[in-house]
Every structure is written in C-alpha cells, then in structure tokens.
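Shared between the two complexes below is chain A, which has chain B as its partner in the first and chain C in the second.
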Partner chain A sequence: MTDAANTDRWIRWLNTLQLVIAGALIMAPTVWMVLSSFKPSFEVTAYPPTLMFSPTLENYVELTKTTPFLSYALNSLVVTVGSTALGLVFGIPAAFAVSWTRISWPAILTLAARMAPGTLFLLPWYVMFRQIGMIGSYTALILSHAVITLPIVIWVLLPSFDAIPRSVFEAAQVDGCSVTRILWRIAMPLVASGIAVSAILAFVFSWNYFLFALVLSNGDTKTLIAAAFNFIGEGSTQWGALMAAATLIALPPLVLAALVQRWLVSGLTLGAVKG
Partner chain B sequence: MASISIRNLVKRYGNLTVIPDLNLEIADHEFVVFVGPSGCGKSTLLRIIAGLEPISSGEIYIGDKRVNGVQAAHRDIAMVFQDYALYPHMKVYDNMSFALELRGVSRAEIDARVKRAAALLHIEPYLDRKPKELSGGQRQRVAMGRAIVRNPKAFLFDEPLSNLDAKLRGQVRAEIKALSQELKTTMVFVTHDQIEAMTMADRIVVLQSGTIQQYDTPETVYERPANQFVAGFIGSPAMNFFPVEWRQGQAILSLGGIVMPLEGESAGRLRVAGNAVLGIRPEHFVVTTEAADSVAINVKLVEPLGSDTLIHFDLAGVSAIARVDPSLRPKVGDRIGLRPQPGKTHLFDAANGQVLR
Partner chain C sequence: MSDTAAPLTQDRQKLEMAALSAPAVVFTVAMIAFPVAYTIWLGFQTFSQTGKQSFAGLANYSKLISDYEFWHGLWVTIALFVLSLVLQLIFGVWLALVLFHAKRLPGIVRSLFISPFMMPPVVAGMMWLVILDPSLGAANYILQSFGLPPSDWLASPSWVIPTVALIDSWQWTPYVALIVLGGLQSLPPSVYEAAQIDGASPFKTFQRITLPLLLPTIVTAAILRSVDLLRFFDIIYITTQGGPGNASNTLNIYGFRVGFEFFNIGYASALMLTLTAIVFGAVLAFNRLRGAVAW
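Right after this comes the complex of A and B.
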C-alpha cells in the first residue's frame, strides 16, 4: 500500500472517530432522557446510573394523570404553528425586499433582536400585554414567538433569494409583473425548499422556546415546555415525569428533522453555491 | 411597432456620470446596434429604454408616448438577456406564455401564438422541457420566443450571443437578422462584437464613455469613420495609425522620417493640417515591388488565414498589420514594399482625433 493510500485511510479513520465522539456527546443527554423516562422514579437519580433496568410506562401514566398533557400539547401546537406562519408571512417578503433593494440593515436589525437575550423583551412585553389585557392569550404568545421565527425565516431565505440571477426578476418586470407578482410567481417557487427549511427551523425553535411561554401564558394557554417546569418543585423534583414530558416534547422536532434531513441540508446550503 | 426617441439623456450613479448628454432617434422597424468597448454605457442605455434603470434627466419616447417614469411592465417592450433569464421552474411553453397570461390574453390565443413562435424558432419539440434540460442555443431561442409571442413595440437584445460558441453565434446571428426582416419590428441590439454590429444593423451607434461617437449605416461607419476611436474600433484587424507630417511637399511619417506615398485628397488635407494621424486599414495595403512608390517593410510575422494572409510589421516604431492576397506567403524577415490604396486612407486630427475632411 502506498503512503498516500495509508494517509487517506488514517484520515478516514480519524474522521469517523471524530464523528462518533461528537455524536456520543450530542446524543448522550437525549439517550439519558429517553432511558430515564422509562425507569421507575427511584432509579432515575440513582448513582451510579443503571443501564439495565425493567422498563416501565409509569412516568407517562403519571404525566397524563396529573397534568392536562394533551391540552398543553395543543397550546404548543397553536403557538408554534401561529408564530411560524406569522414568521413566514412577514419574513418571506422581508427577505425578498432586502435581497431586491440590497438594503441590509432591516435584516441585521432582526438578527440583533434574535441575538438579544429573551429577558430583554420580557418586561416590556409583559407590561404592554397586561395593559391591553392580553396576558395569557394565544395572540400574545404567537406575537412574542415571532421574535424567534421571523429572523430565522429572513436569514435562511436571504441567501436563497440572492442566489437567483437578477436578470430573472428583470425579465419578469419586462414581461409585465409587479414586484408582488414577481415574489409570488417567480421568486417563491424558486426558493420553495428554502421556505420549507425556514418553516421547519422556525417551528423547532418556537416549539422549544421556554421563556416567553413561562411568563406570558396562563393555565389555559400554557405550552408543553412551560408546563414541564411544574415538575420541578421547591422541595422535590419529579424526575421521572419530567423526563417523560421532555421526551414527548422532543419528539415532534426530532421526527420532523429526521423526515426532512436531506432537504434540510440542501436547503441550508441553497444560497451558498451558485451555478 | 414604434420609433424610439431619446432626448438630452443624462445618467448618473452618485457623482459618477456614465451618460453625459445623449440624443438618439431610432426609426420604426429599424434594426439598430449599440456597439462599444466594456463600460461605454451601451447596456445601461438599453436598460434605460427597457425601464430597468431610472434616468437622471432627459426624455424617452417609445412611439408617441413619453415613458419617463413608466415601469418596465408597462412599456410594451420585450427584452432578451445575455444569460437568457428564463424562469427555471417553468417549462418552455410556460416561459413563453407567461407574459401573455399576465395581459389576460385568452388561452386559445396564447396557445396559437406560442406554437407559431415555437415553429418559427424550431423549438416545438422542447415546449414541455424545463430550461435546465436545454442547450445554450436552445435556451437562446426560447428567450427569443418569449419576446416574439408578445408582439411588442420594440425588441431589446442585451448581448444575447456572447454565451454561445463561435459556430452557434454565427448561426443565431443570421437567424436574428432573418427574424428582424420577417417581423418588421424595431430592434435594438447591444454587443461589443463589431462583426455582429456590421452584419446585423441597419444603423450602428458607436459609443464611448456614454457619448455617441458615430450613428450611421455599417458601410458609412466602416468607410467614413467620424473619428480615430470609431476607425480603430470598427474593423478587424483594427485600422493602423501612423503619426504623419507634411514636409518638403510630401507625407513623412513623424517617427523615422520615412516617406509615405499619399495621393489625392489625403495629401491635400495633410498639406493644410501640417500634421495628423494617418489611418490605413490592413486590407487597404497593396504589396508592390516598385520601391519608389511604396514603403519598404521587414516582415515580422505571417498569419495565413486561408481567405487571406496577415502580415505583421513595424513601421516608424508602430506595430502594424497588412491583409494581403492568400497567394502571397512572404517569410519572416523578408523585405517587401507596401503602399496604401488610393482613396482608402484616413486622416485624423492629431489633437482631438476627429476626421479631417
């Protein structure tokens, strides 16, 4: 075997090792969470942790008995779908406008809003929504979650719109299209996979967002992730039920990501390569 | 179908003026070619006519209608882009029918017009294909088909042949010319290729730095260039230029003091001007053996092209080319005599480059 072939083999082996280590580090908490959700309560916090145990559904049974789990799931769905839709409705034209005009400061502003800690928005929003009597409403939660979804949609779509040759839009102008029609008939079909990716990412981030729901929801509109917080008490924490809730909460984004992973990767790199 | 009139057009990008003050009249049914080097403003001018670039001042008329501020969508012109700009997600048929659909044309009429254009351009077999499934030449035809179906007031072409290979370029060039004669519509064509300009145009606009250098028929632009820039730009290989003076009753090349045999009007004009730039096209040299009536040169390089032979030489410090009969095959280093054909020389003002008439 030549030196070059030996080197290639070593590089491949090291790459695989890196991936295994990274995968193990990333997946370990998730695996621990899922396994713990099937353990009897007393075994969840046992030290050293047990890998061999008799699986039980008692945590899931307790979860559904002690909490209106389905109602929380429905709340999560309403808020997530609503904020994702809101993000798409405003984010798609916004990204197109930024790409069309080459004026980038609005997009940077949304990115800054996304980077800022959520607590920055929390107090003003709480005061504002309380004054107009919207605390605990779906509207307040959907509007607040749009801060999460809107920048994602804009920043995922921006390179996709930028990648479309300018002359295609100009041809549409000459053909008789208004700017709105260019967006609807030309640009959106060309960035369809980017729109799908931005929708999935917005859904996942909104679904998992904890802070706004904790403060701005009430008993009727509490989302799953905020409700799971109830299992952490001052005196004791119901680790088994908490793990069961966390597993169920993680399920939709995981399933969604697994179903569209090929699309997700191609969509995320859509604007990166031209020609 | 309509005439195009541009009056006192100024185009600025911030502090940069790309078109200082331009006036142009394009007649109805005329095929006009804008030609010039990169950055001369020819594409900008076309885009201004299309409505894709706003103007800084001036007036633009398409037909009788003043179109300043009228959006591209409402100017009723069609444009073929350099990269074709087909809609990648639409089939060829939909690409061609899109503009008609937007104008509310009936389905039956759309179908008839698309099929008629497809037949004219020989693209019927591709109507159900997407642009990515077509070759460059086929895409180019679809782009033209998209323009034709609309029966617009004018067609604008922005260097549509530059992405094609040499053979296809020649073929499509002839097709566009034939199309223009068949459609009898006003056409404006932008190119940096002077062969395209010469072969296709009814009239050529030669542009430099946003200014029209000459606007005339291809024959006139070639035979009677308005200035040294036009003379050097139109023609391939380019015209040879030699600084020349009138001394002791004869034309003398300024560098080297070589006597250049000049006759007739050229000699008279040089006598009046005192000094000038002498322009001789490569094809207007005659090889001669009579030493007294010619300039002796040393052959530096020979390029046999089949149809003719190019002889490269240095004369009075200027690199020059002569295009001669293909049967002549001098060798590098040979000494031969050349003289300009009578009546085929051009004299330009040494200071401003304008032709001396």
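Right after this comes the complex of A and C.
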C-alpha cells in the first residue's frame, strides 16, 4: 500500500515539475521582452545580458517622442473596432439563420475565405481600391479586416444558437413574432455571453492582423502592427524602444484574452472541438 | 387580428431567413468571391512595362513551372510546414497530458498558457529577433553558459527555417495543447478505469487507449495549424523578409513580393492561386484522414 502511495506521489511530483518547465519555456520570452522595455538604453544591449537593473520609463518616453505611436494606436483602434462591429452586425443574423434553417453554405463560404492566403484577396483589392482612390482610407481597412472578423463571429455563435431549444422559437412564432423579432428579443439575449466572446476574439484577431494594413494603409492610417515594421528598421541600438513598442502592441489582446480565457478553446477552434 | 399576428407561413419565414443572412453573403461575395474571380482572370493576363495588359493564356502558369524561385518557395513552405507541425503536435500532446493531470488550473495560469498565441505574431517576431540576435541576444548567452556553440539563428541560411519553426512552435504549441486537452476531457473515464484494473502501465494505457482515441482531435489540431503554416507570412516578414538571401522565402512571401514589390500582378495572381490550391488540398487530405481515424 505505501509503495503505491509512494509511486503516486512521485508521479504527481514529476507532473508538477513538467508543468513548471513548460510554464517557464512559455513565459520566459515574454518576460524578457517586458523586462527589456524597462531597461536603461545602455543595459538593453549589455552582454552578458543583465537581470538586475533599475527600471526606467525612458524607452516608452522615447517611443512616444520619436514616433507617432499614439496616432498609430488610434488607427489600430478605429480599424479594429470598426471591423469587429461590422463582423457582429453581419455575423449575428447570419449565424442565427444558419442555425435555424440548417442551410450551412453561407457559414462555410466565410470559413473558406478565412482559410485562403490573404494575399489572394489583397492583389485584387489593391487594384480595385486604387481605381476608386480608397487606398489608405479607414473604409478599405475596416472592410478588409471584416473578412477576418465575420467568420469568427459566425462560427463562435453557431454552437450557442444551436444550443437554444427549438420549442422556445416555436412558441414565439405561434405568438406571431417575426423572425427578426425572435432574433432580437429572444435569441440574442440568450446568447449574450457568446456574443461577448465572439466580439473579443474578433477584436483580438483583427488587432493582430498584419498583411492587409501593410498594403492598404498609408502614412496617416497606418496601424500599430503595420508600423511595427518601421520600429525594427531603427536598428539594434533601439532595442529598448522596440521592446516597449512590442509590449504595448501586445497588451490589448493579452488583457482581453485573459478576461475570456475560460471560453476561448471552443471559440478558437471555430466549433471544431466542444470544450 | 392583423396579418402579422398570424403564425408565419413557410414562405414568409424562408424569406426572412434569407434576409438575415443576406448582408453576410453579399459582403462575402463582394469582398471574396468577386475578387477571387478577378484574380483568376488576372492570372491569365500579362502587363507590359507601360501598364498595358493583354491576354497571356497559360503563360503565367508555364512560367511558374520553369521558375526556380517558385520551386524553392514550395520547398521552403513544405519544410517549414512539416517541421513546425511535427514540433507543435508532439509538444502539444505532451503539454495537454501535463495540463490534464494537473487537474484544477487557476484562471491566471491558464491565461499565461494562452498568452503566446493571443499576442500578434508580429510581436512574437519582434521579441525573438532581440532574443536570438547572434552577437547580443540572450539565447546565445544561455547556450554558451552551458558550453554549447552559439548559433546565427535567423541570420544563418541553414538555420533560419528551423529557427522560424521554433518561434512559431513557441507561439502555437499551447494552442494545440488546449485543443488536445479538450479532447482528453471528453474521453469517457471508464476506459482508463478498465485499463487500470487490467494492470496496464501508464505508458501502455497512453499508447493503446488514449492516443488512438485522441487521434481525431489531433488531426483537427493539425488541420487548423496547417492552414496557417502553409501560408506562413507574419513572423518571416518581420524578422527576415524571406532572407538571408532567399533562405526563408515561402510561397506566400514570394507571391507578396512579386505582387507588391515587383508589381507583376499577373504572375503574382498565378502564384497565389497555386498556393490556395495547396492549402485547400492539404485541408481536404487531412479531412479524409480524420474520417479514417474517427471512432
């Protein structure tokens, strides 16, 4: 008996050890990035690298002084919020209709679009947006990023709508409610938490998306992610400011993801896994 | 009683449903279907120096077959895809097992585990660029303090693909782990109990029972990762732009540069359509595999 208990304790200890190792490997690079962003400039590039230093905000100050960081951030916010809103406005009714009618091709269509390489659309978009003078406009950026958000909203919401018992809708129908009214008054309140998760996921992936803004934005509408490329161009002596920029760009998605981490798995797999 | 108060007729309901999905469908047709059709058309066009376009037939596609850079890009894409996928699946399953046996994880720990793939790939590229710097980076310092030889990482033509695979695996292994964890949690506990009673060792239980039951979930994770890995872009564009030389020039990077740096729209269209066919082909193949391992 004591032998079995001993083995058991051993196994549990071994598992905890593995958990700590995995956690360290996952966290270390991010921790290093954040630490570097608070190092005085002469210490960021010190070799051997230092762990002990007196933290300073000079990198963040320099970042806002030497680059239009805040206006990039504002551009990112406009594009991300705009495309998330568009994704919700188009996606919620579509998900509801797909769930109700079981006609799934509209949902599959948006998913197929999500799987194709972005450059495939970017080429014709560039040609078309240039012809109507929309390169560099918020509209072009929001429309292109809605291609990211729409399938996320639809596929995160589908299981939520599917989970509502049909009898709820049928009762409302007998009472003479129109489909739109059922969606607005009955279905949407029931899936409110699903809508919140889909909105946050859409926000995160739109915020993180690089390729479209790289081509479709101009100096005035450049998003943080597209501008990140310019921060790197400033050379290795600017590591502190570079890491400060990286930290700030990563902050909004990380904070939002932490808020909904419990519901993330099923959302991230677009319903492929019920988690 | 007014008309609207009556129960909805089938036709009326169908119409309302169509109206609800109409905005999403119209948007997708306008932003995806039409542009893709346009790209297919562009793939048959050639543009002269002066911007005059003319029908080129299959010229862009025959150029592709004789283009060394295309075959090189295909090789880089496949090497990166295989290496990253294998790393992420192996470590993802391992991490999932560790998390599964840890039972209750506090929310904050879970948040830390998902943080790599919630941050922009561009940021991951920025921070690894600093860590992997050949002369001042922390990675080489750690290697050397263990008496190991330093590496040029992203600056080395022979190491750049494994290095990029490593960065991507750092970012996405926790994602694979969470999917596999979901699969583990949905397995019926009765199978483990039966194996335990039969006196099977933990390793045998994993090999004979857990792994076969998990295969469909693992294939699902493989599909989700493949779609991203075959069109690899962000991390490479931020760190090496396809270099050094053309050592990390994936098809997606190559197609992007042909289109937006050399403005050869016709040829770039042919390249991107070929890459799209590869991605969808891989998804279909994995989907059949999933059917084969389903239980």
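Operating definition for what follows: the second predicted complex is superposed on the first by the 220 of 275 C-alpha atoms of A that agree within 3 Å, B and C clash if a C-alpha of one lies under 4 Å from a C-alpha of the other, contacts with A are read in each partner's own complex, and residues count from 1 in each chain.
In this section, contacts are C-beta pairs under 8 Å (C-beta built on N, C-alpha and C of every residue); 3 or more make two chains touch, one makes a residue touch a chain.
Source: prediction; values computed, not measured.
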Chain B versus chain C as contact partner of A:199, first or second or both or neither: neither
First (chain B), second (chain C), both or neither touched by A:180: second
First (chain B), second (chain C), both or neither touched by A:216: neither
First, second, both or neither for A:100, with chain B first and chain C second: second
Touched partner set for A:165, first chain B, second chain C, both or neither: first
Partner chain(s) touched by A:29 [first = chain B, second = chain C, both, neither]: second
Comparison of chain B and chain C by chain A residues contacted: C
Partner chain(s) touched by A:115 [first = chain B, second = chain C, both, neither]: second
Chain B versus chain C as contact partner of A:190, first or second or both or neither: first
Shared chain A contacts, counted only where both chain B and chain C touch the same residue: 173-174, 176, 178
Chain A partner contacts - residues on chain B that touch it in the complex: 50-52, 71-75, 77-79, 81-83, 85-89, 98-99, 102-103, 146, 150
Contact set on chain A toward chain C in their complex: 11-12, 15-16, 18-19, 22-23, 25-27, 29-30, 32-33, 36, 45, 47-49, 89-91, 93-94, 96-98, 100-101, 103, 106, 109-110, 112-113, 115-128, 143-144, 146-147, 150, 154, 173-174, 176, 178-180, 183, 204, 207-208, 210-211, 214-215, 225, 228-229, 231-232, 236, 239, 242-243, 245-246, 249-250, 253-254, 257-258, 261-262, 264-266, 268-270, 272-275
Chain A partner contacts - residues on chain C that touch it in the complex: 4-8, 13-14, 16-21, 23-25, 27-28, 31-36, 38-39, 42, 94-95, 98-99, 101-102, 107-116, 118-124, 126-131, 133, 135-136, 138, 141, 170, 174-175, 178-179, 181-183, 185-186, 202, 217, 220, 223-224, 227, 230-231, 233-234, 237-238, 252, 255-256, 259-260, 265, 268-269, 272-273, 275-276, 279-280, 283
Partner chain B, residues of chain A touching it in the complex: 165, 167-168, 170-178, 181, 185-186, 189-190
